[in-house]
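A, B, C and D label the chains in the order they appear, each numbered from 1.
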Amino acid sequence: MTAAPARGHGRIRSPWAPYTTTARYLALFALACLFILPVYALLVTALKLPAEVSVVRMWQWPHELSLDNFRIVWPKLRDGFGNSVAMALPASALSSLLGAANGFVLSKWRFPGADFAFALILFGMFIPYQAVLIPMFQTMSASGLRGGLSGLIMVHVIYGLPITTLIFRSYFAGISDELIEAARVDGAGMLRTFAFVALPIAPPAFAVAMIWQFTSAWNDFLFGVLLTNKDRWPITVALNNIAGSQAVPFNEAMASALLACLPTLAVYVVLGRFFLRGLMAGALKG
Amino acid sequence: MLRRLRAWGPGLLLISPSLIALAVFVYGFLGWNIRVSLSSWRGLLPAHDFVGLANYTALASDPRFMQYDVPNIAIFTVVFVAGSLVVGFVLALLLDRAEFGQHALRSLYLFPMAISFIATAIIWRWLMDNGGGESTTGLNKLLVDAGLGSLRSDWFKSSSRWAIAAIALPAGWSLSGYVMSLFLAGMRGVPEELREAARVDGASEPRVFWHVVRPMLLPVLMSAVVILAHISLKTFDLFYAMDQKNIKIDTPALYMWFTTFDGGFYARGAAIAALLLLGVATVIVPYIWYSVRAERVK
Amino acid sequence: MTTPAAPPPPGPPGSPRRPAAGIRLDKVGKRFRGGVDAVRDLDLAIEPGEFIVLVGPSGCGKSTVLRMIAGLEEVSSGRIFLGDADVTNELPQRRDVAMVFQSYALYPRMTVKKNMAFGLRMRGVGRAERDQRVAAVARTLGLDHLLERRPAALSGGQRQRVAMGRAIVREPRVFLMDEPLSNLDAKLRVTVRAQLTLLHQRLGVTTVYVTHDQVEAMTLGQRVAVLRDGLLQQFASPRALFRAPVNLFVAAFIGSPAMNFVAATLAGGRVSFAGHSVALPADSPLAAADRPVILGVRPTAFGPAGTGGWPEFAVTPAVIEELGDERYVLFDLDAPRVDTDATRAALDARSSDDALLLPDQARARFTARLPADLAIAIGDQLTVSVDPRRLYFFDPDSGAALS
Amino acid sequence: MRTNSLSRLAPSLTTFTVTVALGLGLGLTAAVSTAGCSKTKEPAKEAAKEPAVPAAPEPPKEPAKDQVEVFSWWTGAGEQEGLDAMIADFKSKNPTIEFINAAVSGGAGTNAKAILANRLQAGNPPDSYQRHAGLELADDIKAAKVEDLTKLVDAQGWRDKLPKGLLDAITIDGKIYSVPVNIHRANLIWFVPKTLQALGIAGPPKSWKEFMTQAATIKAKGKTALAIGPAWTQKHLLETVLLGELGPDKYTGLWNGKTDWKSAEVTAALDMYKAVLSVSDIKSSAADWQPAADRVIDGTAVYTVMGDWLDGYWGRAKKLAYKTDYDVTATPGSAGVYDFLSDSFTLPVGAKHHAAAEKWLIECGSVQGQDLFNPQKGSVPARTDADKSKYQGYLAAALKDWQDPATKIVGSLAHGVVANNALGAEIDTALGIYVENRDSAGFAGAVAKAYAATK
């Protein structure tokens, strides 16, 4: 890995540089405002006193900051929030663990046709889930897995496998083959090579895979609405139910939406660079 | 032979649970779905008869599918993919040379991606409210206040054929930061030495970009197009939460859901899903084939 | 800093060393997917306790041979024996071999101690014995104070020693080393080379060492196997390789600076090349030959005019390389450069300190080592003599040595 | 190169995070899966082998452990309280039966329906579930998912207590499969009397033609004649226009095949619907029925067509006064007609607590049960012998109409009385297109085709 050279530093600049730089930052700032706009509306509405909220005064700064809106919607969202936590964490952990095993085998313990198997696995990442809904629905119903969280977890784990496999495969591919060979010559079989050599160096990949899986499981709606009963609804379904289908007060809709995306936003803020790496993995690039 | 089995057998064994699960949940279910699409299943009880392509031919003359869903999804895909690419690319271009605050700005453009489509739709549904007069609000309100009242729009409730293009706004809001990241990574992948060599050879910055950087961005562009296009085809929740049963923003994914789970037209839903799969596969299969092959060549 | 001051103490007490094992390769071949033959019909018998070096240009199959001995690469044809046991189909973890990798392949999340103990742990050796053996080897290699460090916190030379230590601790029947010095800087490489020789003398473990560097091969190997395109060219002592190369490739590959070549004709007990003619000694086996050949002369076979009654001829120096005690004089001959697959492959494989060879030259360019006190100027005529007993002749078509 | 990539793997914070998350995650999985198991396995034992036709009420085998799981979408304001009151009454009458309230909220039962369909398909039905009375139940009957309740209805003597129009609507092939609890009226047009006065309009229109005349006046004053909401409210409007233009008999004929969808009069009625839409605010239609109604209160719109649940929204939630702040009458051309929809409860085949479920149905059909529920819900009881004193304001008037033998009763389209799910979904599709392209003949043709295909 070559360290990125300090870009632009010490470079001789063209006489136009001050102007282009100013223009660049003006453009960047304007675009930033556009990107923030929806969140601004979301925040100020959620933080207004319920009495002060009005759709037509959406853009006005609140006279007085208040958490009342959250107090109103939290009881309605609490169960969904809990369900999503109880679903997304195990789903992402299991999916990552299996993905680590797959990625290890497909990059470092290859068998004939490993690339073909990988391509087949990868395709699962891109399928439109509509094309599996009916059979999934029937299967999960018939096996009694529909309704609760275990079925939803299972589905998230399975459909998460392609991306976690991809992340770990790319990651392990970047690890020297000699490391694995050293372990083999040292007398370790596959499982022990995986456990003692590959897994200990995989935390960065785990971070990427876990974050990615957590985010997509948390944000999923389709599987949640199809596979759970009301008491087990994940947050997105609960959110759509209270803020989506019926006319709810504008402030409650916004406060609910904000609550529902807090965990993923928190993950994004705290572990942003891993989040980004997960995104890159989605483009089939290591 | 025995040695080979001993050599790669354990690996195969380790991943076989995943392989089996995916074989069932991806390929098994896809096949099953296609089988359903060839039956006459309607209502609560599955039908196991075989009606050939009847459901597909019915879709071919189904006005909702042919006159709304297909043109809608085509318009949406084009606007959404092109828009996100342009915005993402411009952002990357601006950011690549920005020396201060680059990290913060990049995070800022990217964060909408962390928000679920459901929440995105709930926010944007209000932003794209088309109330007029005193009840003008959302984006229209901003436009009017800025003296751009002539630009006010009915958004996805517009009577125009292009109403669905309004949904590309929240979708693009969500994903153009992602495109930006892809392009930024691509630009970073160009060694600084290469740019310097071109500069020494007398190329101006735009020419450096055109002759050195641009050719190396083509694979990134391809990835971005493929990913956006497949998201566009299969997205369901954004539309669902935005405005259910608004035919102007109806897509095959929504039709599939409603006809299957509201109307009980399972076979028809399966046929729509199969066509969606076909659409995604025509984009994805060459992409995967190309990627895996390119990697092997490396 | 990197050289342990004291001579290495004897092996760890209480662990009787197992007898070293010989290695035998019997018609071993390796064909990769896509039909590329990396190794063809290789027969190699390595004596117990011997240190042999596999050398050749990149892609010659030397690493493949090593990896097949380790079990990391499947054998396409032939058999491999370790001692008396046929291990052709044995998995690497079951062969009693230890390997030192080019990148050292230290486990990044384990301390030096755990790295060294890993092989023992995998083989079920108890903790007490592991610690004892690791400690003993660490002492020998001067790694005592590094045992609790992670590899990332070590210098290149230290890592190299840990990699060696990891192999030694195992007390395997065979050491395999895959270019273990190539990641060290030039100075360190020479030091470690010497240590390796000492280590081998002390441990007496059969060692197969792979390198592309002919100097390393010559200095380290008791015997050296030269490989090219998957074929064994010559397997002999370094001295024999230098003195009696069996073909053009080995001749061009071994020795520094490299042997000079020019197309020549043998007739009437003389060899004629580029307008010069040199008489062969009367007892030369080729004295009676009458045929075109490629003539090879080592730079050290030249002398100033009037040396020991050697034949002489006049040249015009093009480049003079001053080395203090001696100098290399480069001159062109009025004959095309010898450019066969063999010479090209050999040149490609040579390390950068042989850059004198200027292979893009159209004419044959010779290098002669001459004493430094000789007055020479570029462009002036110079008469050199050549030792007629140190002329090598090769068949222009097959490249085989003629004698 | 290599050395750097090694040092890049340094652990630090990341390792910690992942370890914690992993530990937490795995722990939770275990917890969830065990919880899930214990929950699903328990009732499955005494599964589906109950008699297909219910015998006379039979004491539960293990009274101490008996329970009844009732599935509904009554979670909104009013209806939830109504349900709770009924549950309390049920418990006091059946203290040994544990009541499990499996209510699912959302979108006029859209979510609930999908979920219920899953459970029925999976052969894991609740002990009783809510359906709109009428043909919404047809699919379930066809698939043999619900039991024939005719005997129960007769045994309880409910036939005499229900109006004939309702009995006709809930009788399918001579059998009754569900017990109606409440009656809503769909054919209502709502307005603010003061607004009409200000505009110089004497009173609400008697026909859709008159409505159009008024609309011209209203438009001239810069207001919207009709406030409308999302797709289902447009369907709701469609049925009232069809009803007003065709009259109750021909309207009912649309759903039993006696009225030809492609006939000229239907096309004319559809054209009237088109005209009504054109004076509505459909271009900027409200997100749902409440905001649409708000526009009438605001005074930006004059009328809105909605069911009588709007009375609960205005009267109760908005604290407006019936008759003074707002008023309501039958939609144009439908005076004397009660376009009803009804929530009813069923007994699924394979219900695990058959006897307890019958007890629940008896509660649903009882005067007490209905009188506890309906005042809360804002609907009138299905039974005609209910206690009038419990119904005030609008409800008193509605109950009077409902109990009036002269009132003609027809079923609602938008709320599943006259169309099964499949036809309903197909009409949704066709209507969505119709609202876009305003092709009356095309719409009529599409519905006719769908009707034939889903009969």
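Quick note on the criterion: contacts are C-beta pairs under 8 Å (C-beta built on N, C-alpha and C of every residue); 3 or more make two chains touch, one makes a residue touch a chain.
The structure displayed is predicted, hence computed values, not measured ones.
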Centroid comparison with subunit C (C-alpha atoms), farthest chain: D
Contact pairs, highest-scoring chain pair: A-B
For subunit B paired with subunit C, centre-to-centre distance based on mean C-alpha positions, whole Å: 57
Distance between chain centroids, defined by C-alpha means - subunit C, subunit D (Å): 88
Subunit B-subunit D separation of Cα centroids, rounded to whole Å: 35
Touching two or more other chains - residues of subunit B: 131, 134-135, 244
Per-residue overlap in subunit A, given as positions that touch at least 2 other chains: 138, 176, 189, 201, 245
Residue numbers of subunit C (touch at least two other chains): 91, 103, 106, 108-109
Touch list for subunit D against partner subunit B, complex: 107, 110, 113-114, 117, 120-121, 139-140, 142-143, 145, 230-232, 283-285, 287, 300, 421-422, 424-426, 428-429, 432-433, 435-436, 442, 446, 454
Subunit C residues within the subunit A interface of the complex: 67, 70-72, 91-95, 97-99, 101-103, 105-110, 118-119, 122-123, 166, 170, 176, 178
Subunit B contact footprint on subunit C (complex, rising order): 74, 89-91
Of subunit B, residues touching subunit D in the complex: 42-45, 63-64, 67-68, 125, 130-135, 154, 157, 159, 243-248, 250, 255, 258-259, 261-265
Residue numbers on subunit A that touch subunit B, as the complex places them: 4-5, 7-9, 14, 24-25, 27-28, 31-32, 35-39, 41-42, 55-56, 58-59, 98, 101-102, 104-106, 109-112, 115, 117-124, 126-136, 138-139, 155, 158-159, 161-162, 165, 189-191, 194, 215, 218-222, 236, 239-240, 243-245, 250, 253-254, 256-258, 260-261, 264-265, 267-269, 272, 275-276, 279-280, 282-285
